[in-house]
Structure formats: C-alpha cells, structure tokens
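Here subunit A shows up in two complexes: once beside subunit B, once beside subunit C.
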Partner chain A sequence: MSLLQNINLWGDDIPYLSGLREKNRISFEKRGLPDSKTEDWRFSYFKQDDMQNPVIDNEPIKCEGHCHSNDKLPFNALQIRYCNGKLHIEDWNLPNGVVIKSLIEAVYDGDIKSYLNKSFNPDDFPFAALNGAYLEQGLFILIERGTVLSEPLYIKYHNSADKNRLCNIRNTVVAENGAKATVIEHFCAEENAVYTQNVVNEIFVGNNAELNHYVWQNEAKSAHHISLNSVQVKSGGNYSAFCANGTCKFSRYESYVRLLQSGAAAEINGVYKLSETEQVCDITTNIRHLSPHTYSNQLVKGVAKVRAKGVFQGQIHIAPDAQQCEGHQLHRALLLNDGAEIDCKPELEVFADDVKCSHGASSGDLDKEQIFYMQARGISEDEARKILVDAYLNEVFALNKNPDISEWIKEQF
Partner chain B sequence: MSDVLLQIKNLYAGIAEDEKEIIKGLNLEIKAGEIHAVMGPNGAGKSTLSYVLTGKPDYEVTSGEVFFNDKDLLRLAPNERACEGLFLSMQYPVAITGVTTNNFLKHAINAQRKYKGLPELDAAEFLKLIRGAAKEFNISSEMLKREINVGFSGGEKKRLEILQLSLLQPKLAILDEADSGLDIDALRTVAEGVNKWHNQNNALLIITHHLDLLNYIRPDFVHIYADGHIVKSGSMQLAEDLEANGYKNYLEE
Partner chain C sequence: MAEKPQIADFSGDKYKYGFVTDIESDAAPCGLNEDIIRLISAKKNEPQWLLDRRLKAYRHWLTMSEPHWAKLKYDEVDFQALRYYSAPVQKVKPKSLEEVDKNLLETYNKLGIPLKEQEALAGVVAVDAVFDSVSVATTYRAKLAEQGIIFCSISEAVQKHPDLVQKYLGSVVPYTDNFYACLNSAVFTDGSFVYIPKGVKSPLELSTYFRINAKNTGQFERTLIVAEDDSYVSYLEGCTAPQRDENQLHAAIVEIVVMNNAEVKYSTVQNWYPGDKDGKGGVYNFVTKRAVCRGVNSKISWTQVETGSAVTWKYPSCVLQGDNSSGEFYSVAITNNKQQADTGTKMVHLGKNTRSKIISKGISAGFSNQTYRGLVDVASNADKARNYSQCDSLLIGSTCGSHTVPYIRNRNKSAILEHEATTSKISEEQLFYCMQRGLSAEEAVGLIVNGFCKEVMQKLPMEFAIEAAKLINISLEGSVG
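Then we have the complex of A and B:
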C-alpha cells in the first residue's frame, strides 16, 4: 500500500490548499522514505513494512473520551486535544489576544497563508513532505502582539488501540512581536496501540517575543513518532524547547531553527531514556545563525541500555556575515551495558570568523564509586543506579524555565 | 546473642584485579561498647580493610571469615551490610553531581527503614529529623540543598559523614582517616559527634596513621597494623609510643 493515497480531504476545493498538498506530494514522491543512504537519517530509519500498513483516514473525529482520561494537570493550562490524529474542535475559553482555530478554518479565513508551509523546504524533510501531502488536521495558534499568556497552552495527542493509523498533523504557532507563551505537547496512547505519529510544527517567533516549548513524548511502546519543529526567530526573539523522549520503539525529534535577525536566540534541550531492545530514539537539530549577534545553546542527555540506540545529530550553521554569534552544543550519554549504542554526529558549519562556538560529546557508564558510596549507606545497587540516572538527566530538567511543567514531566519520565 | 559485634578470623583479601593479597591473616574481635584503633603506616592496607568489611566490589576475600552481629558478613551485599548496622565514614567521601545532600540522606534513611520493616519517612518527618541533627554538626540548610560533597571543603565533607553516622545510628562505625584534612575546630565537631553517638551497644573502629583523633576519641584498644595483619595490640599507651618512636620498630620485625 502506498503511503500516498488519493483520499478526499477537507478543503480540496481550495486551490491554495490543494496546491500545497500537491507540492508536498511531489516532494515525497521524489525521495520516498529515508533509508540508510539518506545522510540525515542513516542512523535512524525504518522501512515502510515496520509501520504495519497504517490507515490514513479522512473520517471525521470519533472520540470516545479516551483522550480526556488523566486530564488532571498539576498546573493551570488551556487544554487542546487531538484524538487519533483528529483535532477536537471545542469551545476554547480563550484569553484576549489569543486566536486558536483549526488549520482548515484558518485556511478559509486566510490568516494562515503567510505561515503555512513557509518555514522549510519539503524536499529536505521527507516525513514533513508526507505530512504536507495530507494537510488537513492541525491547529493555527496566534498569540497577538504584546500578549503575555499567563497559562500554558497544553496540547494532548491521544491514540487508541483500535486501529493502526498514520496521523499527519500540522500545527502553526505564531508569537507576534513582544508576545510570550508556553506550549506543551503531550503525546500519549493506550498501552498496546500501534500507530505512526507524524507531526510538523511551524513556529514563528516575532521581534522580542518568547516561546517556550515542552514536548513530553510518552508514546505507546509499539508506536513510531516523527516530529519536525521548524522555527523562525526574529530580532530579539527567544525560542526555547525541551523534549523528553524514549518510550516508543522509534522516535525522531527534529528541530530546524533559523535565527533570522540580530538578537534572536534559541535553546534546544532534551533527555531520553531507552530501555527496550531495538528501540531507536533520534534527536536531530539544525540551528542556523543567519544574522550577527544570534545565540543558541543545546544540551541533550540520554541513557541507553539493552540493545537500544540513541542518536544525536546536532548542526550549528553560522552564515558568512553572521559575526559575533554564539552557538554551543553538548550531548552526553550513559551506556548502561555493552549492547547499547549511541551515534553522535555534531556538525559545526562556520562561515564567519568572529564567533564563539563549541560542541562536545561524551558517553560512559555510571560511576562505580558513587554507586558504592550509596550502597555503603544502605541503598541497593538498583536503587542507586536509578538515582544516579535521574541525577544525570536532572541537569537538563533544571534548565527548564517553568518548574511546575518540568517537575510534572520528570515525575512521569 | 554474644556481645561480640565483629569477628574477623584469619582474613586474607586484596584487590580483585591485582591478585595480590593486601590483608594477610588478620584477626580482630570487637565487642559492643568498645573503641578500637587500627594504626599503621601509609600504604599498609588500612583502607583495604575498611573496603573489604563494607563490601566494595573491587575487593576480594581469598580466605577467612567475618561475622557481624552473628551474621556471615561476607555473604551480604554492601547495602545489606549497611542496613545491618555497619557504617563507613570514608576517607574521601564521594561527590555526586545532581543529587542534593537532602535527597541522598532521605534515600539512605528510607532504604534502611525499609530494610528494617519500618515505614518510610515522608518529606515533613524527614525535614524535622534532618534539621535538628544538622544544627548539631554546624551544617546549614544551604549545605543540605547543595549537591552532596560537590565542592565541599574537607571539613564539610567529614562533618557530613558524621551527620550520617548520627542519623543512621549504626552498630559498628568504621572511621577511615576521619581526621585527614581537618582543622582543630572541625576535628572537635567530628569527635564530639562520634562520642555522642557511641554507647554500650555500639562500637567503633578507627583507622588512622597518627594520634590526633585519638586524643579526642579515646580508644580502649590500639592495634598496630603492618604488612596486612596486626603486629601488636595494646592500650592507648601503645599509640603514644608510636607517636614518639614511629612505626619502624614494628616494621622491622
């Protein structure tokens, strides 16, 4: 079965939208799924068969309330839900200065046009091209100029086990000049669900705007999860992201960030914890400093045991005229036994001569002296290892700006 | 139950990788209420003794027996030994990035409570316990919030070891060079803490190479340890002789 199917989607009658779909379809047809020969994907790819013939459906949402379970959050938030890849249109009680609507509605209204599919080239991102061929499900979130959101926007994606679906979701998030907001994405599912989540977020951070983005990827064990976060940051704007990964059999969290103007800054941090045989978890970043005085920082820490594989590919690109930039990157991993694998590919591409850049990578095991010190105080070896792993990852959690959200993820992680 | 807390019988042990014995035929018996000091020159293998007793994985016992509280100590995992009441104040307490002192202590106390079948302390109970004890050892709440032993001074580290002794209330404490790197004030704090904990039901084994600490914690027995075993045992007088004449008389035997 082809991943490109001729199914009717909402908005096929709108030439603008069908044109975008066609453009993405052509991109995907050209390259197909990435494989071991695709440079950006050679450490982490899967075959179409691994997806076990997913359904790409155009049915309207059928929610049986699963996505509402465990909704209690330890913090106040504006809650938005996806159920099996379909957006719940609800009567969101929106504060002033915030617009939230479905992708289709935003296409009809026209306000998404300057953003949709504008932040990246689908030729470079095969799954995003596939996602674009089915542009239908998605959110348009606009935080208007100067609006400071006191409560985070919480987006929950829930998948049930009844059907194996390929969910293509496209969110567009715009923080206009001076706006400040926090967005949380929480992926979850019924325990034995099999599905492929293919999410693309296009994020636009305006002048002096601030967007904090948390991703808690708690997908079902047998799921595939691919996400692209394509971000543009304007002058003085700040994008900071944190992802917690590692529950499903294949995951790829990709950040493609373009720092367009002076003073733009981005921070991408992440943690992963892998404990299942053959599990693959990939964090790929590409931060492009396109103007002078732009800043970026990345800290990713992971833990892998059994025959799991962690991948970190981090690229920092500094354009020829982008003087006085700073770009830093660090990936550290713990390999808890011999079968585990970590592939790390740091890439610095610097075309300016007056910049500060650094990258580092390390991998190792837990410190035996530390384990013994804890044992000598009565703590069992297993418990000591657990404490040390948590402590290792805690360095990344500690960077999060919102302690309530950070703690909420950490407790479940 | 006998009042013998620790009995070491003809112990031979060393570092597993080296296949070289460091402890060679050691015998020692410690009863409840006693304070023993093992003195020996640098490199005599004194720390090896403390690691073998507490079960550090790199060390291997080749022959001999050790009973602690009538239990075969060598069969127990290191954490079980601790839960049975064996405590080691380390010469070089280990720094652990990412684990606060508070958190470490809470894990340790609750692990030992769990072993003994007691309910774990909740956050409030723990705070109450820790605050009172910390004050005694001049340990601020700021220090408890810092990562354990990370960037601590020598004095801070040793005071924290004794705080743990006081919180965990072991039956036998081994102080391995507890006085190294301490100024007089810190030494007094450490000694006072140890003396306060010590009673007729517990015992202390001090491992040291000089007299300083023994002036504050008076041992009932002093053993001279050289070439992997005890070459002479005596009273505090023996320690004072050592201080005056050095180890050479005992090493040349």
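Then we have the complex of A and C:
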C-alpha cells in the first residue's frame, strides 16, 4: 500500500490548507522514503515493508480508559492528549496568556498562517513532507508576549494495538517575545502495538523568550518513531531540548535549529539506551548559526547492547560573517556487546574565522578498572556495570533545568 | 585595536614553478574510446591481460557517473577533450643521466631536483622522475638492485616483472572502486613500481617527482608498492605543475601492500598549480590512495602536505587486515584564494589489536574552502581496535570555510575510538606578540602556522620537511598583510 493514500481530510475545502498538503505531497513523491544513498539517512533507514502497511486512520476518535483521566505525575502540569494520532479536544483550563487550539481550528481562525510549514523546506525532510501531505492533526500553542508559564505543558501520545496506523501529527509552538514555557512530550502505547509515529514540531522562540522541551520517547517495541523538531530562535531567545530515546524498533529524533539573530542560543541533549536486537536509534541535529554571537551546545550519550545500532549525526553550521559564535558538540557511547554498533558523524561547517567550535566523539566499553574497583568493594560485576551505565547517562540528565521532570523520566528510563 | 587590522589581500605572488618545457611530444588525439586505450596499450607494448583489464575497466566506467557528494564546486570535466597519452619523444632509451634530454633536466633543476648532483651526493634519494607519462630517468637502480629491491616505472615492471604486477595490480584498489579509479584503471600511462623483498630494509628513501606537462594532458599515474615480510621502505612523492589556464585533470591511484612485520612510509608534498587568485586554471586532483596491511604487525604511515591544486579530492586509506597492524595518517592541507580541498582518510579495522591514528591540520585562507572527511570503521572481529583522531582547522580571514565531516562506525565493544576537532583563528594577540618582536605580519603568520602543523611536519623525512616548511610560507603569501 502506498504511503500516500487518497483519503478525505478535514479542511480539504480550504485552499490554503489543501495547497500546503499538495506542496508536501509533491515533495514526498519526488524523493520517496530515504535509503542508504540519502546522506542524512545513510546510517538509519528502513524499508516501507518494515512498517507493515500502516493505514491513515481518519475515523473519529474512539477514546478508551487511558484517555479519560489525567495522568498521575510527580509535578503539576497542564495535560493534553493524543489518542491513536488524534488530538483529544477538551476544555483545557488555560492560564492567561496561553492559547491552545487544534490545528484545524487555528487554520480556520487564520492565526497559524505565519507559522505553519514555514520553518523548513519539505524537500530536505522526506518524513516531514509525508507529514505535511496529511496536515490535519496537531496543536497550535501560543504563549503570548511576556507570559511566564509556571506549570509545564504535558502532551501525551498514546497508541493502541487494534490497528497499524501511520500517525502524522503537526504541532506548532510559538513563544512570543519574553515568554517562558516548558513543553513535555510523552510517547507511549500498548505493549504489542504496531504503528508509525511521524511527528513534526515547528517551534518559534521570540526575542528573549525561553522554551524548554522534554521528549520522553517510550514507544512500543515494534513501533517506528520519526520526529522532526524544526526550531527558530530570535535575538536573546533560548531553546533547550532533552530527549530520552530507545524503546522502539526504529526511532529518529531530529532537531533542526536555526539561530536567526544575535544572542540566540540552543542546547540539545539526549540519551539513548538500546537493548533489543536489530533496534535502531538515531539522534540527528543540525544547528545553524546564522548570526554573530549565537551559541549552541550538544551532549548526547548512549548505550547499545546486543545487535542494536545507535546513530548520532550532528552538524554545526556557522554562516559567513556569523562571527563570535560558539558551538560545541559531544557524543559518547558505550558498546556493551560485540555486534552492537555505534555510527557517528559529528560535522562542523564553518564559514567564519572568529568562532569557537568543537566536536568530539568517542565509543568503547566500560572502564575495566572502574568495574574492578567496585568488585573489590563487594559489588557484583553485573551490579557494577549497571551502576556505571546509570552514572554514565546521568551526566546528561543532570543538565536538565527542571529536576522533577528529569527525575520522572529517569526513573522510567 | 583596529578592525580586522591584518587581514587584507595582496595575493599576487607568481607561481614559482609555472613554466612549460618545450620538447617534442608524441601525443594521442584528444578523446577517450576503446581505440585510444588500445593505442596506449600498444605504445607501451603491453601484454594482452593488461589490455583486457583496461578495456574491462573502461566498459565499467561508462556505466558510472561522476560523484558529487564532496563539498566541491567545479566545472564539469569534459573527458572527451582530454588527451590520454603523451610521451616525450626519445630515440634511444638513455643509459645514464648524461643521455637524458637537456631541456628535461633543466626543468627538474628549476624545480630544485638536481638529478646530476644527486649521484654525487651518493645515498640521499633515488628518483624515478615521471615527466608526463613516461619515466625518463631512474637513478640508483644498481644500488637498490644489489639488495633485490625493484624500483622502476610501472611500464617497465609490466615488461620485466609481469608476475608481480599481475598479482598485485588492482588488488587493493579494484577498477570498480570509484569513478576516478576506474578511469585510471582504463587509461593509466605510467607511474612507479616498488618491490621490497623479504627481510630487506631499503637503504635509500625512494622518491618520485611528478610533473604535468604538455597541454591538455590528463595525468593518470599508477603506483604500486609491495613490501614483503620484515621489509621496510620510505617513499617520497612530490609534485609541481606548470602554470596554465585550462584546468588539468589528475586522477592517480596508489596501491600499497604490506606483509607480515613490514613497514611502509609514504610521504607526499603536493604543490600543483592552484589557479590564479580568481580561481582561474589550476589542477583538478582526484586521487585514490589505499594501503592494505595484509600481514601481522604490519605498519603503514601516510604523511601529506597539500598546498596546491584548484580542487583536491583525496582520501589516503588504510585497510588494517592483519592482526596488530597499524595505520597512521598525518596531513597538513593549506588552501588559499579560490582553492577547494575535500580530503581526509579512511581507517578500516578488520584485524585484532589494530591501531590507527589520524592527525589532520587544515589551514584555510582567502576565499578557499576545505573539508576534512574521514572514516573510521571497526568491524565486529576487530577486538581491541584503537583509534585516535584529531582534526584541527585554522581559518585566516572571514571569507574562507573550514568543514569537518568524520564518519565513525564501531561494531566491537572492546574498541576504543576517540575523535576531537577544533576550529580557530590566529588571534590578533599572537600576531601582535610576534610583530612586536620584529617579525613582519607574514613571517608571524608563517611561524604560527608552522607551529600549528609541527606535529605533522615532524613525521616528514628531512629533505621534505625543509621543503614543506618553505612551501607553507609560500602558500600563505598574500593571505595576511
């Protein structure tokens, strides 16, 4: 079955929306799914057959138990839910200065027009183009000028096992000048569910605004998860993201950040832990310093066991004349078995001379001395390894600004 | 402090080695087809098996397309406009240097390779000089022959040592490898052949100076080095080319086979015409260099100083097959004006306890662009493989670019891989410090850059190290002022 299925979507009668869908559809048709020859996907790609013929489900939402009540979280949060790729619209009790709408509603109201599909070129991102061809499900979140959200926005995506779905979700998050917010994305599913999650987040961070973005990707084992976070940061703005990956068969977390004006900063941190055969987990970042005095930092750490494959591709791009920028990147990985694989491509693209850029990558096993040290103190080798792996990943968790959220993810990770 | 005080362009230093030697050329017509390949083969009096290989490669090449993944922008090469064979006319093969064409010797003298003096300076370097496509003079052969070392042109080797050539030629870089290697396999005209027998340590550093001459001649050298068990050789390659307006294509292959406990050191200084300051002219350099460490405890070391060529596409690689084998790559690449270089290395770890080290120093100035592109690949059987990579870039001026694209693949848990890279510029403070002590801006930059490259320069043989240090200063002339 083709991935471009002819189905009726909400809003087909709106020329603006159907035009966007058409543009993305053409873009996807032109390139198709990426394969080993696609440079950005050469380490991590899958064949369409692996998805086992998913359907685009346009039946109305059928909510079950998990969707009705709020999750018990160790912190207060405003909760929003997706059920099988459909946004669960309810009466959100919104604080002042926050607007949350469904994508369709935002299209009808017109306030999404200056943002939707504006932050990237679908020709460069095949799955985002596929996502764009089905623009329907999604959120529009607007944090108005100067609003500081005390509670995080918690978005939960849940998939059930009854059907193999391809869920295309498009969220647009706008933090206006001086706004501050935290967004948590939590992906989960019934244990034996098979589905493909294809999420695109377009994030706009205004002058001196701050957005913290947490992604806890806890998908079902047989799922495919592809997400693109396309971010624009303006003067003095700060975007920081953290992702914890590694439960499903194939996952790719991609961050495409453009630092548009001076003083803009971004931080991308991630961890992955792989323990299933043939599992693939990819973290790809592309940080584009387009103005002088922009800053970025990345730290990604991973652990791979059995025949799993961990991939990190990071790019720091410094545009011509973007002087006095700073970009740092570090990827470290542990291979706990022979046969596990770590592929890494830390890339620097520098067109200005007065900059500070560095990248580093390392991979290897745990330090035998450290294991011995613990064994000498009565800790078994297995236990020692576990402690060391936890400590290894802890470095990334410790960078998170919100300790409650960080702890909550770490406990389940 | 003044705004961008030192950075201005007074490029204009004429390419010192830009001249054309006027000697009669015996050239094939432009263009490439099977007849041209048959002509090359016939001119060189080659056996049938080699012609068959060439034709096979040519037919495969027709099915390939030019690769475009490198960060290089250049005009398409018109392969039909090139001349694939050109040899200086000689009536009788010279027996000694005295018999060699005087013009030719003059050319080498201008380049600073006094062949004549070398015989007097006994025991310095043996030179197998390639002028365009045919070897014209080979020195010290007698001395090498005493030990059983074969050092001759590849066409001579085809005639005299067909078994060795047939066995090893194409065994490291097969004709299917890549577009340019395939082209070379079809049309290569000459190059060097080195065979070091078992247990022999070469008493001399073997050296070849390549030089492109005759208009529109693509030069397709083929070098093959075989080091048998327990042997050692250090091989030097140096290049210059005359000034020209048309772009000249250069697509060479270097193959090295290293057996048990053997060691090969391969050093290159590449100083081909980089084009003028507007990027006009200059050599296109698409080279495939690969060494395979077949035996246990074998060792290969690549050292390169790249200052020339308008476009460089070059990735000297090491396939570490034998257990305990090791590969090293030391590189200094300097680009100025509109030069572009996409260069790096590949380290493929297959055997146990294999070690590799990559030290790459890139200096970009003017409007040039430079990319380090490297692969470290550890197979699942390569227990305890170890790699250390360091790529440092220095930018001079705000109009150049420096890029680092390392690919790191690890499939073995006991392997330890490390990669580090930095990008920086020469600070005003460093310049000021040197200038305060009486150095000119240019001398100061030369000093700082030479310090930046020191780690690599130390790996070069003595004769080369001196030449290379001068070359760095010449290459950067005009980038700071």
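Simple rule for what comes next: the second predicted complex is superposed on the first by the 409 of 413 C-alpha atoms of A that agree within 3 Å, B and C clash if a C-alpha of one lies under 4 Å from a C-alpha of the other, contacts with A are read in each partner's own complex, and residues count from 1 in each chain.
Keep this in mind: contacts are C-beta pairs under 8 Å (C-beta built on N, C-alpha and C of every residue); 3 or more make two chains touch, one makes a residue touch a chain.
Keep in mind it's a predicted model, so treat the numbers as computed, not measured.
Applying the stated contact rule after C-alpha superposition, one finds that A:D354 touches subunit C and leaves subunit B untouched.
More residues of subunit A are in touch with C than with the other of subunit B and subunit C. Of the two partner chains, subunit B is the only one that A:A376 touches; subunit C does not reach it. In the overlay built on the shared chain, the residue A:G110 is in contact with neither subunit B nor subunit C. By the touch criterion stated above, A:D321 is placed in contact with subunit C alone, subunit B being left untouched. Of the two partner chains, neither subunit B nor subunit C is touched by A:P15. Applying the stated contact rule after C-alpha superposition, one finds that A:G364 touches subunit C and leaves subunit B untouched. Note for the complex: subunit A touches subunit C at residues 39, 43, 320-321, 323, 333, 335-365.
Those residues of subunit A that touch subunit B in the shared complex are 367-370, 372-381, 383-384, 387-388, 390-392, 394-395. Put simply, subunit B touches subunit A in their complex at residues 54-58, 77-79, 82-83, 87-88, 90, 93-94, 96-99, 103-104, 107-108, 111-112, 115, 164, 168. The part of subunit C that touches subunit A in the complex is made up of residues 69, 380, 383, 393, 395-425.
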